[in-house]
Every structure is written in C-alpha cells, then in structure tokens.
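Note that the chains are named A, B, C and D in the order they appear, and that numbering of residues resets to 1 at the start of each chain.
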Amino acid sequence: MSTMDDYQSDAEIQWCPGCPNFGILQAFKKAFVSIGKDPHEICLVSGIGQAAKLPHYLKCNFFNGLHGRAIPVALGVHAANPDLKTIVVAGDGDCYGEGGNHFLHTLRRNPDITVVVHNNEVYALTKGQASPTTPKGERRTLQFNGVQVPPLQMLAVAILHGCTFVARGFALEVDHLQDLLVSAVEHPGLSLVEVVQPCITWGTHPLKWYQERVRIVKEDYDPTDRSAAMELAMTWGETIPIGILYQSGPVETFGHDYRHTVTDRPLTELKPLDKGLMEKMLSEFRL
Amino acid sequence: MSTMDDYQSDAEIQWCPGCPNFGILQAFKKAFVSIGKDPHEICLVSGIGQAAKLPHYLKCNFFNGLHGRAIPVALGVHAANPDLKTIVVAGDGDCYGEGGNHFLHTLRRNPDITVVVHNNEVYALTKGQASPTTPKGERRTLQFNGVQVPPLQMLAVAILHGCTFVARGFALEVDHLQDLLVSAVEHPGLSLVEVVQPCITWGTHPLKWYQERVRIVKEDYDPTDRSAAMELAMTWGETIPIGILYQSGPVETFGHDYRHTVTDRPLTELKPLDKGLMEKMLSEFRL
Amino acid sequence: MQDIHVIVAGAAGEGIQTIGDLLVRLAAAHGYAVFSWKEYESRIRGGQNRYAVRIGMEPVNAPLSEADILLALNKGALAKYEKLLKDNGIIISPEKDNRDRFLSIPFADIAKHEIGQTIYANTLAIGALVSALGMDLEITKGVVKNVFSKKGEDMIDKNIQALVEGFNRAGRECRDRCPWNLPLREDRYYVLTANEAIPMAAAYAGCRFISAYPMTPSTGIITFLAKEKDRLGVFVEQAEDEIAAVNMAIGASYAGARAMTATSGGGFALMVEGISLAGMTETPLVVVLAQRPGPATGLPTRTAQGDLLFAVNAGHGEFPKMVLAPSDPLDAFYKTVMAFNLADQYQTPVILLTDQFLADSHFSFKDFEPWDVTPKFHWAGTGNHNEYKRYRLTESGISPRLYPGQSKHLVCADSDEHNEYGHITEDLEKMAPAMAKKRMLKLDMLKKSVHPPEEVATKGADFILVSWGSTRGSVLEAISLMRGTGVKAGMIHFTELWPLPKYEFPRGKALYIVENNASGQLSRLLRSQYNISSRGFVHRFDGLPLTAGYIRRVYHEHNG
Amino acid sequence: MQDIHVIVAGAAGEGIQTIGDLLVRLAAAHGYAVFSWKEYESRIRGGQNRYAVRIGMEPVNAPLSEADILLALNKGALAKYEKLLKDNGIIISPEKDNRDRFLSIPFADIAKHEIGQTIYANTLAIGALVSALGMDLEITKGVVKNVFSKKGEDMIDKNIQALVEGFNRAGRECRDRCPWNLPLREDRYYVLTANEAIPMAAAYAGCRFISAYPMTPSTGIITFLAKEKDRLGVFVEQAEDEIAAVNMAIGASYAGARAMTATSGGGFALMVEGISLAGMTETPLVVVLAQRPGPATGLPTRTAQGDLLFAVNAGHGEFPKMVLAPSDPLDAFYKTVMAFNLADQYQTPVILLTDQFLADSHFSFKDFEPWDVTPKFHWAGTGNHNEYKRYRLTESGISPRLYPGQSKHLVCADSDEHNEYGHITEDLEKMAPAMAKKRMLKLDMLKKSVHPPEEVATKGADFILVSWGSTRGSVLEAISLMRGTGVKAGMIHFTELWPLPKYEFPRGKALYIVENNASGQLSRLLRSQYNISSRGFVHRFDGLPLTAGYIRRVYHEHNG
C-alpha cells in the first residue's frame, strides 16, 4: 500500500503560491494512493507549460517532452509498455493548441491511457496570451481588445468521437477530482479529464467566480446519455458542470491487433529475433 | 461574363482516367461561371495530394503549398486581400490528417473562405494508405488487416463549432455539386464542402456502391436545425446524405476588428508608414 | 566617471521588473547612458531573477558582472548575488545584516505602516537607490509622477511619499558609504530593446502581417505590433502553432503583403518546412529566430547563440536564404529593413537571428536615425508582360513578381518543381535543372548584397577576436579592457552570416573565436568558407551573456 | 560478356512495374547478377516512367544510361527514351515502325484476341524480352508459374500461353538482330533494395516500434514492417503527421523499445524539433531520411543528395547526433544495425540518409551475410544503483539508462535543462553547463566509433573522386571506365558523415567531389573539418542518379 508520502517529490515547485494547480497535484497524490499503484508503475507524460511541470512534483516515472507533444510520446510509452499506467498531464494550450492534431487523432485510437488537461483558459507560462479555451471577449496579454473568436469545444469533440470516458473536474474540489482521476485511470481505454484550473495571475475572474459556477452533476445524471453529455460538455457560463460527463462500455483499444497476435506484454520482453529467421527471410531475396 | 473556357488550364491532368476528381473539376468551372468571378479574382490554395493538384487544372491564381498546410496559407491570402475569392482545395489526408490542427482552429476564426475537401477515404498520391476518413475495417496498402479505428467526423466537428455553412457533395453529381460550390463561395464566412470522391484505383468499393447510397437531402430538410445536421454529417453507410447539411446566419468573420479599425481593403493598398510617425514613435524611447 | 552597475535581484513577481524599468528611466532622465540586461527563470512567481543596470557617461552597451550596488529583495537573492558585489560595493535589502556595506531597509514594513500598503515597497526601494546613486530627488519625482500618471492622484501622492521615505532612509545611512553621484546632465539617449526595434522597423519596412505563436524570448515582437495596431496597422494573428504561423505569413506575402513571423528554436524547428516552401515558391519571408539555450526546451528564458548552423542549413533541399544576426537594437532596426528589402528583392526567406540577451536588454544610443536604409519594393509592374510567367527564367534568376488580384495576370505558385508558369513539371531534361539553377543563381546575387564583417583595431593588433551577433558590445569592451593593460586586441565582427561575404582575413594574426555556445558554430562556418584556422576559442554556454571580463579571462587562460 | 541493359518504359499503370520486377527475377533465376533502378512520376496512372534493368556476370550495382533493349509500351515512352538506345540496340514496342531496330508487337491486341484478355499483354511483353535476351524459355516458365501460383490454374495457363506467344513472335523477328544470349549459370544472387534491407536490419537490430507518416520514397520501410508484422513482431503505427511519428518513437524508446521512424525531406523538417528532444532527453532514436529533390515538395518521386547539411545540422541547440549514409542495401543493413547500436550506446539520435535511388533500386550481392555487426544493448542494469540518477554526470558523458517500470528506480526524462535526476534546473553556475558539457562529451566519444572513408585505388592515382552515400557504385564504375582509358582515378567514399572521422586525405592529389546535388554539400562539410580544397566538382541535380558515364563526362569537361 502506498501513502501520499510515496509520491512526494523533492523538486521545488515553480508555480505561483496559491495556484489551483496545487489542488490538482494533491488530487493526483490521493488518487494514486486510492489506485494503489506504486510510483514505478506509473508514467506521467507532459509537454511544456505550467501544467506540464506537474510530473516534476510527483514522485513517479515521467517524460516531460515538447510543448504540444505529450500525447504522441504517451502513445509510444503505452505501446512499448502497456503495464505502466500512462497519464498525460497537459495545459489547454499544450493539448488543444499546439497539440490539437494529436488530441483529435488519439480519440480514434482509444489508447488505454488517461489525459488530464489543466484548463486555465490561458497560456500561463508564456505570460498570459489567449489559449484555445479563452472565452470570447476576455482580454489576454496579446489580445488587447479581447479574444475575437469562440473557444474550442474539445470535450464535445471527444464525446462525438466516442471517447468512452469524458469528465470535468475543478482544481479546488480536490476530493471530487481525486475520484474522477481514480475512475479515469481505472477506466479501460482513453479517459479524458479536463480540470477547471483558474489562473490567479493571468485570469480575468477571481477564484470565487469559478466557485460560484462550478456544479457537480446531479446524482441521477446518466453519463451514458450522449446528447446530455454533449450539452454539459459545452456548458460554460452561468454554471460549469463537473463530474463524469460521459462514460460508455469498453471498445477496442490502441494496438489491440498487435496485442492479440504478437504480444500483450511489454515490448522489452520480446526475445531478440533469431538469426535463423533473418537468414530465412533473406533467403527469400536470393532469387 | 466568364465562360467555362476561361477557366481552362493548359496543364496536363495527372489524375487517373475516369477519376471522379474530373467531376469536381467540372463542377468548379461551372460554379465559377455561375458566380461570375474572373480567373484573376479567384485564388485557389491547396496542399499536396491528388486533390491538391486541382488548382493546376483551373485557370485561376493559385498557391499549391505543402501537404496539410493549405488552410493557413489561405488565411494569409485572405487577410492580405479580402477581395479575392479564396478557396482551399484539399484531400482528406491533407485537411484532416496532416492539417487537422489548422482545420480545427480555423473553425473558430470563421474566415470568409471556402474549404473543399475531396474525400476519397485514402491517401491516394502516396499509393493507398488509410486516411482519417477510411471506414473501420477497410483494407489499405499499409493496413493489411484493415483499418482498426473509426474515422474522424470533421463535418460534425465543424457544425459543433458553429461553422455556418457545412455541405456534402458527390463528385459524380456535378450539377448538384456546382450548386453547393456556388452557395459555399457566396456564403459569408467559412464554408465547408466535403465531396464524396471515390478513388477508382485504391478504393475498396466500385462507383456503383456510392451511387446507390448517395441521397440528396429532402427538399423540406431544414439546414438550420443543428442536431439534424449533426446526424446527417455523421451518416455514412446505407445512405450518404448530400446537400447543404447546415447553414446559419452570418457571424463575425476572421480579422473583423482589424477590418473595422484599420482597413477593409487589401493590405497592399495601405500607404507606407510615414517617417514622421516613426520618428514620433522612436522619440517615445528617447527617455 | 566610471560606469555604475546596479543589480536588482529578487523573485519573479516581487517587483524587480518595475524597479529595474524605473531605474532605467531615471538614469536616462538624468542624462546618462544606460544599459540593462535581465536574467529570469521560467516561472511566473518566485525563483531568483536579476535586472542589471549599467549607468555611464557614454553608451557602453555591454553587460558587466561585478556590481557597485546590489538591491536584494529577499534572502535568496542576497545569497545568490552577493558574490558579484565589488569590495567597495553596497547592498540595499530588507534583510538584516550588521556589516558595513549593508543598508537594511524593510521596504514592505515601512510601506505598510508608514504609507498604508505594501504595494509601495517598490517605490521605497527606488527611493533608496536614488539616494545611494546620488540622483536628484526632484527629477525622480517627476519621472515617478509620470509613470503613475494614469493611476489617479492618490496613487501618485502615495508613491511620491514612498519615494521620499526611501530616499531619506537610505540617505541617512548612505552618507559615507555611497560615493556615487549622478548630477543632471544635458544628454538624452534613445533607450530600447531589440524586441522593440524589430517590430518598429518591420512596420517601417512595410510589413503588414505577422502571425506567430508565443515563445520566449520572441513574444515581445508580436505583442508590440498587437499593442500598436492602430498606429502601425499591422494585421496580427496568434496562430494555433508555429506551422500555421509560418504558412500564414507565406500566404500573406504571396498575396502581396510584406509578412513576418517570430519564434525561438523549438518553434523555428517546426517552421523549417515552411522556410523551404518559401524558398521553392520564391515567396519573400522574414523569420525572427530569437535564440535561447537548447536542445529541446533547454533554458527557455536564458540566452545563447546555439542555432547559427541550424538556421544557415534550415530547410530540406537547396535554395537561397539569408541569415542576419544584428548586434544591437539599432543594428536590428537596419537589419530588419534590410531583411524585408532583400527577401523581396530575391524572393526568398531571410532569417533574423537574435537571442534572449539582445531581445530583452536596453541599449542606449545617442542618435537613433536609421533612415539610410529605406524600404524598397520590387514588384514587376503589371503592364509589361506579353504573357506573364511567375517563374520566368531570367539571367539574374529573379523572376517578375506580381500578386494575385493585382491585374488580370494570374499568379501561380507551386511547391513542386514547376515550369515558368508555376505548373508542376516532370521535365528533368530541361525545366527541372533550369529552375534549380535559377534559384541558386539568386544566392550568388545575394552574396553581392552582403557586407564584409566589421573590423575594429585589427591593424597593429597582436590578435583578433572574431565574433558575431549580440556579443559585439562585450567584445568591444574586452578589447578596450585588454588594450588598457597593454594587450593589443582587435575585433572582426560578423552580422551577415549567410551567404558569407567575400572577405580576406588579415594575414598572420592569431584569431580567437568568441561565441555564446558550446560547439563553435561560427568557427565551423568560417572554416567551410575562408579556410582559416583559429588559435583559440572563447565559449560560454551557461545561459548567460558573454561579458568583457569573461572574454578577457578565457583569453588569458589560453595565453598564461 | 558485357552487361546488358534493358529499359522498360511506359505509363504508370501500364505494367512496367510488373514487367520490370519479373525481368529482375528472370535474370536472377538464370544465374546473373542484376541491378535495376526506376524513375517514375508523381502520379498513379499515366506519365512516362522507366524501369531499367542491368544484367551481368558480376554485380555492378550502378545505373547505366545507354540501353541495349528498349521495351517501350507506348508512343510517348518511345519518344522520350529512344535517344538512350545504343546504335546497335533494339526496340520492342506495340508501336508500328519499319526501322530495322524495331520489333513491333501489338501486345494488347494479341493478348485480347489470342489469349482472351488484354491483361496478358505484360506477360506477352516478357516473352518477347526473354526471346530477345536469349533467355531460357523453360526456366522462364517456371518463374512465371511461381509468380502467378496463387492466381489459380487458369491464370497460370493463360500466362504461360501469353509468354510463349510473346517469345515466339519476337523469336521470329529477333534472329539476326538480337545478339544477346543468357544461358543458365550456376550463380545465385541476393537481390534487394535498401527499403527492404533497412526494415529487416531494424528488426534484427531489435527495433520493436515504428511510427511513420507516408512519404515517398520512405514509405516502403513501414510498409515492409506492417506486412511482416507476424514474423518480425514490430509494433507499427501510421501517425497523423510526422511530428506525432517522431514523438511516438521517442516515447517508445524511452519506455525501453528500440524505435524508429522514416520519412523524406519535408517530413524530416517537421521532425527536427523531436530530434532535438531526443538529443536533450538522451533517448535513442533512429530516423531514416530518404532524400528526394527539394526544396519543398520538389520532385517527390526522384532522387537527390540534397539534405546532407540539413541532416547534420538538424535541431535547435547543441547535442550529439550521428549521420550515416549507406552506399547500398548491404551497407544499409550494416548501418541500420550500427545506427540502433550507437543510438543506444550514446543515447542520442542517429539519422540514416538514403535517397530514392537507393530506396527503390535492386542491387545484387553474391553473399549477403551481414552478421559481423550484431545488436548490442547498453542497459545500465537495475541492481547497481544506490540512488538511481537517469542523468548521472559521468566521465564518458554516458549516464545509466533504465526504462520506466523495469524496477523500482524511477526514470525521469526532461526536455528542459535538468539535474541528474531529470528535474528542471535553473542552476546556471554548475548544473546547466555541466549537463551541456556531458552531452557534448558523447560527441567526442562517438567520433571514436566512426570509421574512416573507404579508399579505392588512391595509391598511384592521378586524381581522386570524393563521394558519399548511394553514389558509390557509379563512382567505382567511373573509376574503372577511366582506368580503362588510361586515366588513373581513385575514390574516397564517405558513408559516415557526422561526426566526421579522424582522417588524413592523401597529400598532393587533386580532388573532385561528386554529389547528387547542386550546391556541393559534402564539399562544404569536408572543408569545415579537414581544411582541404578541391580541384573540381561533379554535381547532378536533375532528379536522376549519377552514372559512371555522367561522372566521366563532367570530369573530362573540366580537364579538356
């Protein structure tokens, strides 16, 4: 049994004091304890941004790669070693901006990994430009007259493409978020958790604004109802619904044909190819 | 008044004889005649692929750029010269694969351009690999056991993001396609026309298969009904609906704040900056 | 008067940016030349950052390492930067310390209790600095009023009160410890960074379109243009990624608008395919590559000259390209205009190589009159074509360029190998090699537009420092330091790096190649072209800029 | 016997691929060494393509330009390729022509009327070729049966019928016009392309993962591995773009699986940021860059050596990297295994530079026994760490590599500058420069793994051709051609291009640098390293491979 301390990293945290990212970090630790996976059984993959620094603050395996490219790295990790719990931690800019194409195409693949998106509606690390989720009209440090275009609706896009686990959490609702993360990681296939993570430095609303709006979906909400889920996924205004918005039965996951025909074990466990096989193959070119 | 001949290019056509792309080419010419724009008032922008060769076969301005990058080039063209009718011609791989991120983000921008996607469900020019629209289970030259994942639903993604003109055409229904193209080009804001364009070389179904399935939407179909449109956009099987699937009232287009505050004319018409202004600005740095 | 060097050190968000900026203004307002540079961590709050301000009678636009005054806003800052203090330097800090060199002033406490709010701590600190530096309080008040002019009367009053309080507090303790004095002078300087000079120059050069994706240290360029939209009229678009950014700029340029993008190493890597596209379609394109230490994300807020060879060789296939590396904001202004002009004339991409040091540092100039390079346009004219061919084979390699919609002439651009009309060709016998040759011809032509490197004191020099880009100020200062101790150094400084100019290195001089990188990229480049060999190298690759002191030290390590 | 050169020419989709492939098989089945190369247009049907087959007693793996036999499947093909025919060569074609060298056989008509369907036209043409070449009909029948074995009895019979018909038709006319004769020999050759050798070698080297995006001429590699999934067990993923492809491979490699990707210039451009990432995170990575003429889309189905300097300098920032350019499929097999071994040993990216010519051409080898380079793995072992540090600073620069999940040791990789544990560092004083130095140390080490270039006949040579990569066969043949006419040429051939090996060029020899590009990239690279100067150049940049004849001609143009 692991404890919170097992996930305690030595690295100095570089976030602003009071940033809701701390809540997400806390939720992660709690979730890992609940799941009961040891640090070495988990692999966090991130890009670049404030959110993407999170893996440094958890004691686990991690690969902190390029801005926007966490998902493909995670696909490679997962393909090589399906035993690892592979979790992508990304910013909204990272995942939906620079990395939008990977997000889109990975919905088709349905890899058995979890993608957690810190949605702070801003490019925080680069000092406050608009991100793909910044609401129309809000000012950012490069949008002097406010953002001129509506935000992307990536949760809805995920549901549309049959992603079997789509949730929204709130960084300040740590226990609720913990539960979401546990369910997400344990869900077979791609699980997506977008976390409302107000940025207290570049954001335009105070934390209270979010606290007043965030609503946990009702107990009797049916997360298998696709059109209800689409509706909630696109709701962001007077209320911001959080919880598991959509969940459905398992479908084939990334690499399933390979896993069935070659190996369902990590690729490192494959034996080296036999020289005899190589000679046989080459002999087919001896015309 | 222009005639079909005005759009007749001298370039030798490199498509396979009998390819439905010829139908699309024909529909384009007819549409241009209907619209009454002269060749020099039109700018076609494409990437790389069989579809992307189309601009060579029409006498117009064109920029045939990189695989996947037609949309950003078109945005630049349109920003520089909103007087040109800017039309993107792309393959399904081009537009939804390599270029998926640009497509997605351009839905937010709503530029007053038209995007025409030749959907042949394959990477034709590179000899038959699966594209993002290849239906699950179909074999392609790199998918020996058939495609393992479901296709992207980009028309639905477009509607979801409020794209105000979303249509599907069929390459062999030339007159119908002509009408769609005319409506699309004349529509203010982003118009998207996906064309069912069976590939007779790499495709897995004969032309007949498509002819039997393609259905023009009913006369009384209401293209302002968003959820009906979503439904039709995702219908591909026993029937393949064609027509204007979704259309709605104009919304603000790409660059509108610039157009309102600086100029609504082509940027080439802006006068050079006055040396006086520069001196004034520099003097602000004379501390 | 010897230059005075003040280091303001503290955490991000603690006010060092405000204090540093104000100090720069104050020094300038007193009639002094000022140079500043910054180092900061890749975070929004916390960490230890420095804002270094050098004040002198004449512009010496180069960083120093040793400081006269250290304003340390917290304990960590003190611990990290105290070792840079000169023996006779002083420390101003809210920390407590009994040493003589120490002026302990609890800014936040005083601000809170005497002025009413901790937000006035920064102005208190400025007051202390002003006192220590022997600046004029009245002039300072004027500047402070000005800076806070939009914040309302109360804010102004409180800030003045804080200023005076800080001034008095420090004044009491400063008396015999602060030898500095900065009486009012008549001089006035232009003080600006390259990230301000470049966007202004771009707009002046006729740039009408910029698309970019945020990336330190290049973001300032697009931000400047967005902010000045109404005066400069540049169409600004934040792209979804760098690939979109470069392709939008190419589209705009094809359609007739001078266009640019700006990024740093990782983003530039993503643009490389687009640069090749500009080469093939013969579309003018200006790309600013603001260097920072790599590989990958590296040290995203620090400085380096690590992308020279990457820039020179960027793009698959062979095509003409220009790489310019300005040495300061004035040169950056010139080079930016030159970049647009040459991109237009030769219809090809031009890369402007800057770096974090150059992008963020304030340089002073007595005059800033960059008008002898003016925007020049190279349109073909719509009238004089029987049959317009976008890619006409010409003797110069330069084809007639029009833009679509300009006239009845159709403008057809192609990323495939093409014929003169811009249509795909598979004619390997004539057309394909002719087009390849035509494009490369332009590189030969471009060479003629390139200037030889700047030579300083090479005659009679015992050895020569060879450098490029933003290190010029430090190299010049190194030379003068060394000359001061009887070591005869000269300088050869490159700012036009590709194509390399026709140039003969002075014979028989030992060359030391000075670069802000680890592997000696200028060395490799020069060797491939000039057949020179060098006696030694000065490399720095810790994310900090080269200083004169550093250069001298490494030189002497080589030479005992 | 002099080598016989057959050109099969026609439109895409007309059967030249089938005919060419079959001819290669037939020549091999008769015991001859065979070399083939192809040129094709970027389209699926139509155009004019060539499939050139060279048949000889000994492998000479080099293209020829002049042909003995031209099989022209249509009028356009005839027009385009007839000029390549030797004076005593013959043409076989369905076109009508009365000239003596002309064997006019309406394949499609005969197929339709005598055999029943036009699809047998190809086999008819093969029959005619077999007759003209003096091959054995019975052996040919065996091969044809084999090839069509899965198509059912009727198909086989009809094809044999067509074969015989073609053979007889041509036989009647050939009698005194076809001097060739290819009697059965005992020899057997391995005949394969680099796009076959590389994926096999990769799997042999332990590659378990490939992700790629289709791009000519690299697509064959991933296609081969997908087809052979069950035997080779490689996890194959078609990525949404090249950026995903390279990052997936990096992820798989980090997680312990040897991984690769393959692409061409434009796709490689998109991967460059990922290459820098592999450099920074010290993740082994093998990237095949199959060159084609650029810039941009260029001539997407043709050949070039235009990306050498781009590959060598690819990636922002400074990090070790290796660039290997194999000269033929056997060498490609070796180099692929070497690439995986060195990528693993030095934990860094290795680029394999091929080109369309190398990727698509069949080469013959008497023996193909590439077993003296074997897969070597360099894991650190999980037991021997008190405290595991992924980026431990070591004397060699090589840190202990484990993979995540292998043991309790956590494996933390970072694209930022990092400390030994893989955590972000902002310590510019010690850690950042130490890490940069450590990485560059590996480049010095790598240099020791690099072999000097191959020297052929350099002793006593009057001049030396200096070349790289896939041109080796042509250069060797050029040397022997020239030696045949008394011109003493030697060769120095590079296949390991970065880092360059320690090497002394033979003194006092005139060097001619031979490259399949326009700007002389090897020249520039060698000059930057070896301080050599060259007497002249042989460049070809029309999308076609260098031939011995071309090299000799350009050399003589230089030398009267």
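Annotations for the structure displayed:
What we mean here is this: a residue touches a chain if its C-beta (ideal position, glycine included) is under 8 Å from a C-beta of that chain, and two chains touch if they have at least 3 such contacts.
In this text the structure is predicted, and so the values were computed from the model without any measurement.
Taking A-C and A-D together, the pair of chains sharing more C-beta contacts is A-D. Chain centre most remote from that of chain A: D (centre = mean of CA atoms). Inter-chain spacing, taken between the CA centroids of chain B and chain D, is 37 Å. Averaged C-alpha coordinates put the centre of chain A at 40 Å from the centre of chain D. Mean C-alpha position of chain C lies 44 Å from that of chain D. Among the residues of chain C, those touching two or more other chains are numbered 41-42, 47, 229, 236, 240-241, 243, 266, 273, 277, 281, 296-297, 300, 415-416, 424. Among the residues of chain A, those touching two or more other chains are numbered 14, 48, 65-66, 97, 100-101, 104-105, 132. The touching residues of chain A, counted against chain D in their complex, run 9-11, 14, 38-41, 43, 45, 48, 53, 55-56, 59-66, 69, 71-81, 83-84, 101-102, 104-105, 255, 258, 261-263, 266-268, 270, 272-273, 275, 277-278, 281-282, 285-287. Note for the complex: chain C touches chain A at residues 13, 41-47, 213-216, 219, 222-223, 226-227, 229, 236, 238, 240-241, 266, 296-297, 300. Only residues 39, 41-42, 47, 243, 264-266, 268-270, 272-273, 276-277, 279-281, 293-300, 302, 304, 306-307, 309-310, 312-319, 415-417, 424, 426, 428-429, 432-433, 436-437, 439-440, 443, 517-519, 521, 524-525, 527-529, 531, 533, 541-544 of chain C touch chain D when the two sit together in their complex. Of all the residues in chain C, the ones that touch chain B in their complex are 24-25, 28-29, 34, 188-192, 196, 200, 203-204, 206, 208-209, 211, 228-233, 235-237, 239-241, 243-245, 247-257, 259, 273-274, 277, 281, 368, 371, 375, 403-416, 421-424.
Across the complex, chain B meets chain A through its residues 97, 100-101, 104-105, 108-110, 132, 145, 148-153, 156-157, 160-162, 227, 252, 256-257.
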